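Each of the two complexes below includes chain A, the first together with chain B, the second together with chain C.
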Partner chain A sequence: MASTTTSPPAGVQVSHPVRRAKRAPALRRMRLRRALPGYLMLLPFAALFAGFLVWPLLNSLYFAFTNYNGVKPPTLVGFDNFQRLWFEDERFRTALVNSFAYVAATVTLTTVLALALAVAFHGTSWRDRIMRTLFFLPAVTSTIAVALIWRWIFTVEDFGLANTVIGWVGVEPVQWLATPSLTIPILVVMAVWGGCGYGMVIFVAGLNAIPEEHYESARLDGANAWQQFWYITLPQLKPVTTYVVITSLISAFQVFEAVYIVFRGVSSVGGVQDSGLMLVPYLYDMGFTKFQLGYASAIAWSLFIVIFVVSMIQLRVTRALREL
Partner chain B sequence: MRTRLAVAAAAITALVAGCTTSGGGDEPAQEAEGPASLTFWNTGSDEHAAALQVVADIYKQSHPDVTIKVQALSWDDGHAKVLTAATSRTGPDIISGGMSWGIEFGELGGMIDLNAQDIGSIKSQTRPEVLKAITSPSGAVYGVSFDNAFYLLFYRPDLLQKAGLSGPPKTWEELTAAITKLKAAGVKTPLVENWNTFEWLPWFNWLKQAGGSLYADDCSKATIDSDPAVLATATWAKQFREHGVPKAATDSAAGLANGEVAMAIDGSWVANAIDTTHPQLKGKWQVAALPTGPAGPGTFVGGRIVGVMAYTKYPKAATEFIKWLYTDEAIQLLQKEVYNKSGELWLSPRADQIDTLTTTDNVKQTLKTTMETVSGPPNCKGWEVSQAEVTKKLQSVVNDNVDPKQALGEAATIMNNNLK
Partner chain C sequence: MRPNLWPTLGRIPLYLFGLTMLVPFYWMLTAAFKPVPELTKNPPSFVPHDPTLDAFYDPTYTPEQRGEQVVAGLFQRFSDVPGGFGRFMFNSLLVATTITVLSLLLASLAAYALTKMDLPGKRPIFVVIVASMMVPWQVSLVPNYLIVRNLGWLDSYQGYIVPALAKAFVVFFLVQYMRSIPDDLVHAARVDGASEWRIWWRVVMPLMRPALAAMAIFVVLAEWNNFLWPLIIVQSDSMANLPVALSRLNASNAYNPQHFAVIMAASLLTSLPTVVVFLVFQKHFTRGIALSGIKG
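Our next item is the complex of A and B:
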């Protein structure tokens, strides 16, 4: 019987694969020994990540295709929740429109204001440091506490700061929180005030990373301050701007506390005539007030799709602009 | 690579397939052996929970085998927390909460039907209107009335007198006239309306006073678009549009104290709180029943229910404690403790206990009179889901000048759809 094994031709480096195969388990053991402490150190985080993020996410994906009230076992309903949500639910449409209006205004204003503040206060002087700290303070303050203070500011009663201020110039008191046309503007003001400090810090880091030589060359070429900003600062800040816009966009889509604390009524979480109803408050309302947890999960996954699509569009647009 | 993908896909499939809930037990609760240790989530303030704990400790003296620990649950997130408890089947044995919570959580399978625990004595001591509101369409009672609250008219007699009024308004017409006179006399905001301002709850008072209702008695259809309801809505809207009643909640006690508010339609619990928060106002305010409409008097009755969670190991012990809460001893203790700890009025569902409240004769008499005219929230299917839409339609009458008939017609359509 002919042997199936063939001898290597003379002169050829013998048994390279064979030796490697023999060494493989030893290598694997060595690599494992080397990597084991790292994996062990990762384990607590991985366990928490799996338990508190991956598992709930998978659960919510499953519930999105079920009819589930939180107590009785869920029953599969296929795509019914998504069909009802996207094609029949007027409140979802209201929440979607409100969310887009809020996001557009908030992201634009936050980014512009954050950039302006960063340009104004990016130095190392005490004045700049103090101003940066002041503008950053809202970002490290409890959102609940901030929302409560805004609620007081816009209250109809005498201690309402907004009415007091407009009263100084003879304007009649306004029922800020009960006037639907003012709801989104108030929420935008709150978000911009609370978010521009964080954006400013990111922009300051970006500004300080721009080589000073660029500006020196530009000055030698006779560029004025505006030209330096337009042709050096802005283009150099594109990656930072993209980051600020994307993170502001995601957090704006996920707004909850401001609506819940400032505008919530007993009958509706979205304020007077649902004027402040956004996607996450609506999700909360359907899940925890109306016990439609399957439907609320469908809203959550729809929100994920919306944010994903908008972020992708934004990234593509940024890339296209960079290539111009 | 393919193997890894296949393993990952299989793992995800297995995880998703395994995503079953721990809830879902429809099996009847069985009483566990031995001493009962009960947890009571009381929706309300810390002071209320502390008052209830005193009462629970006194209960233990006559029931040494039952220990009750009372924990305060805030109104803001109480509903979500009870839902979480019902879902995970862990948490309190007894809960108190909004009047509709019993039916809501009970229909989900989260609370037990107390009818199985012989609550005849409690039912006989509960006003029929309240009993109707807490009884599910199937006849189940998942939570019995724990305390009651209804709307009253608080006012400053001196301000009314200054405006040339001899007393509080007794009818809608007198209310309108009083607002006009008070405004002319320089009162900044003659009337405020609290307790769910600019929502369906205070509107419900007007509906009852006009002779309307939300649903037919047998819950077969919505009747919110009837002529009395249209009249009630138009009149309710007029107070915001023409008479300067704020659409946002205000601190009525502070307004009465500083003289900027002359009349306040507010919850009955405010009665004693006025003196506590504004001692300078003691003896300077009075209370009256709400003005009557074309069909007579009427006010919404709310308050809390108390019930037993479905997963408790001690359904009998928990129900026995709830039954004891209806005794003279427990009621008078709660009245005293709530008053001592928070200065508020605790109103038992038992009208015969009003006389033992620590309050003025004027308040006692008004409470008694008003209690005769109360109506609870509807117990018809779909009301919980409909109320946000109904509120929006009502608000559109005020904000967008929508015709009340049209707004209520749209509300009726929504309510009828949710009845199915």
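Our next item is the complex of A and C:
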């Protein structure tokens, strides 16, 4: 904003650059005066945005290179936090491995299921609408309430719903929440149950945007239903699919509530043997139970890097596939 | 017509799958209305034999009975909090509605200035707002906690509300939508001598109703279900919102299955309002997702 008085800001649309350069100061003043209410309108948002987002982000970046416990002033330690995090910290490695396993399974299953549901229930009949409502319900339910329900379903007691159901087929009761190898699968079930409705809604919008003529001409050429799906629906849905994959990827990497509610033990947020430890729970653990704020900030920026890199790879792969 | 990939017979598994989506909800519902002995029966009953409201309020409960298959109802707990469980519902409602109203006002003002006015420097501001959406919000968690602590806002409504008011995504969404409103309308109002504030409120805002409705639902839901931030800033029992209260209820009772009727009752009361809001405003809702999804 200050740049307007000295030189024209880089991004502003300039329709007549030559004339603009010669503009009289009086004209420029008039433009500024006309813009004054605009700045006033922008101000409340901009002030809060700067104070509670931009400034914290800059701070967080600084903290990531310091040793800081929130009481004594931070001391700069260079890349030590990242060095420790990426090359020495066993728990961070566990969190990364868990996150990647969880994200890969969740995103794949959610996307495939969401697409199948959208193809099945994209119509306007009351049956389709009821089904869409059903599948979307988990997305609007409190994640904490949902996590508690799952905790009740997967209780270790024999009368838990999960143990009762496997009992019907003759399987002995399982210590669901106390078995490390079951932690990630349980979290994936929770995430797919909670997330497929959201993907479905986006796919439905994508499906309804495909021009009807494509299908008509395909039918004239004698394409059957599967061929129409394979050669028209799927290619037309590519941008929507990318969007669904990337948004579910981002939210899967940020999982916290499910781990915290269902698996947190007395001493650790990550469940038995850290089997459910992921990036945000680890960030919470380091930042707000151990108060290593510098280290926690390094975890936070690592989360950003992971999400950014994975999304970029995903975009590249999609683009490469589109060119095939 | 679209090709019919799933013939009627092939749809049956999908309908069954749709029903299994409901199972967790059903399991919560039944547990919330089961008396304690039935709750821990093996095998479990799938329809409560003897439905009761004891999990919410048990008129026969006295503290002396504790431990013998009798537990305090939800509204009989939290005796050190004025209002008990109702206080958490009030906190959640107050915080969610305040944030929704204020953040939409701020965002629509900003969006108006950024789309309908000739502001020198508005392009870089918009670029920063959009770029900030790429960074996961948890990155600002530690510094925001310190800021709120230094302001003395831990454990207060300001601590809940003020940091949550500037929502980049809402501005981004409203800007996208506002671009579809013809500039001529705004110009005409300007020629008629209307002030920018008046044009914003009288001309543009009424046309923005669908977008505002979609965003309002999004923000209300997100704030109602917000957990990590309140978990960090709330210290006393009386300032908890519903998710934090649920988590505390769980932490103190989770190893005793007899308390799960109460936990499920609390979960029910927490999820019911958002489910009702969704069912009532479903159309706005899916349209909002579709709009943001396709354009974003």
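Following the convention adopted for this analysis, the second predicted complex is superposed on the first by the 284 of 324 C-alpha atoms of A that agree within 3 Å, B and C clash if a C-alpha of one lies under 4 Å from a C-alpha of the other, contacts with A are read in each partner's own complex, and residues count from 1 in each chain.
The rule is short, and it goes like this: a residue touches a chain if its C-beta (ideal position, glycine included) is under 8 Å from a C-beta of that chain, and two chains touch if they have at least 3 such contacts.
None of the values given here were measured: they were computed from a predicted structure.
> Does the superposition put A:Gly70 against chain B (first), chain C (second), both, or neither?
Once the two structures are laid over each other on A, A:Gly70 reaches both partners.
> What is the contact status of A:Tyr215 with respect to chain B (first) and chain C (second): first, second, both, or neither?
The answer is second: A:Tyr215 touches chain C but not chain B.
> May I ask you to decide whether A:Pro185 touches chain B, chain C, both, or neither, giving the answer as first, second, both or neither?
In the superposition, A:Pro185 touches no partner, neither chain B nor chain C.
> Once the shared chain is lined up, is A:Gln273 touching chain B (first), chain C (second), both, or neither of them?
Only chain B; A:Gln273 stays clear of chain C.
> After lining up the shared chain so the two structures overlap, which partner does A:Asn59 touch, if you call chain B first and chain C second: first, second, both or neither?
In the superposition, A:Asn59 contacts both chain B and chain C.
> Looking at the overlay, does A:His122 come into contact with chain B only (first), chain C only (second), both, or neither?
second
> Taking the superposition on A as described, I'd like to know which of chain B and chain C A:Gly206 touches: first, second, both or neither.
Only chain C is touched by A:Gly206; chain B is not.
> Which chain makes contact with more of the residues of chain A, chain B or else chain C?
After superposition, C is the partner touching more of chain A.
> Do chain B and chain C land on any of the same chain A residues, and which?
After superposing on chain A, chain A residues 55, 59, 63, 70, 155, 157-158, 288 contact both chain B and chain C.
> Which bits of chain C are touching chain A when the two form their complex?
1-6, 11, 14-15, 18, 21-25, 27-28, 31, 40-44, 106-107, 109-110, 112-114, 117-125, 127-129, 132, 134-136, 138-147, 149, 162-163, 165-166, 168, 171, 195-197, 200, 221, 224-225, 227-228, 232, 242-243, 246-247, 250-251, 254, 257, 260, 263-264, 266-268, 270-271, 274-275, 277-279, 282, 285-286, 289-290, 293-294, 296
> Of all residues in chain B, which touch chain A in the complex?
Touching chain A: residues 12, 15-16, 19-21, 23-24, 26, 79-80, 83, 86-87, 104-105, 108-110, 196, 198-201, 246-248, 250-251, 254-255, 258, 260, 310, 384-385, 387-388, 390-392, 395-396, 399 of chain B.
> Quick check: in the complex, which residue numbers of chain A touch chain B?
Interface residues on the chain A side: 55, 58-59, 61-63, 68-74, 155-158, 175-180, 265-268, 272-274, 285, 288-291.
> Report the residues of chain A in contact with chain C in the complex, numbered from low to high.
The contact residues of chain A facing chain C are 1, 3-4, 8-13, 31-32, 34-35, 37-39, 41-42, 44-46, 48-49, 51-57, 59-60, 63, 70, 116-117, 119-123, 131-138, 140-146, 148-153, 155, 157-161, 164, 167, 193, 198, 201-202, 204-207, 209, 215, 224-226, 228-229, 233, 240, 243-244, 247, 250, 253-254, 256-257, 260-261, 264, 280, 283-284, 287-288, 293, 296-297, 300-301, 303-304, 307-308.
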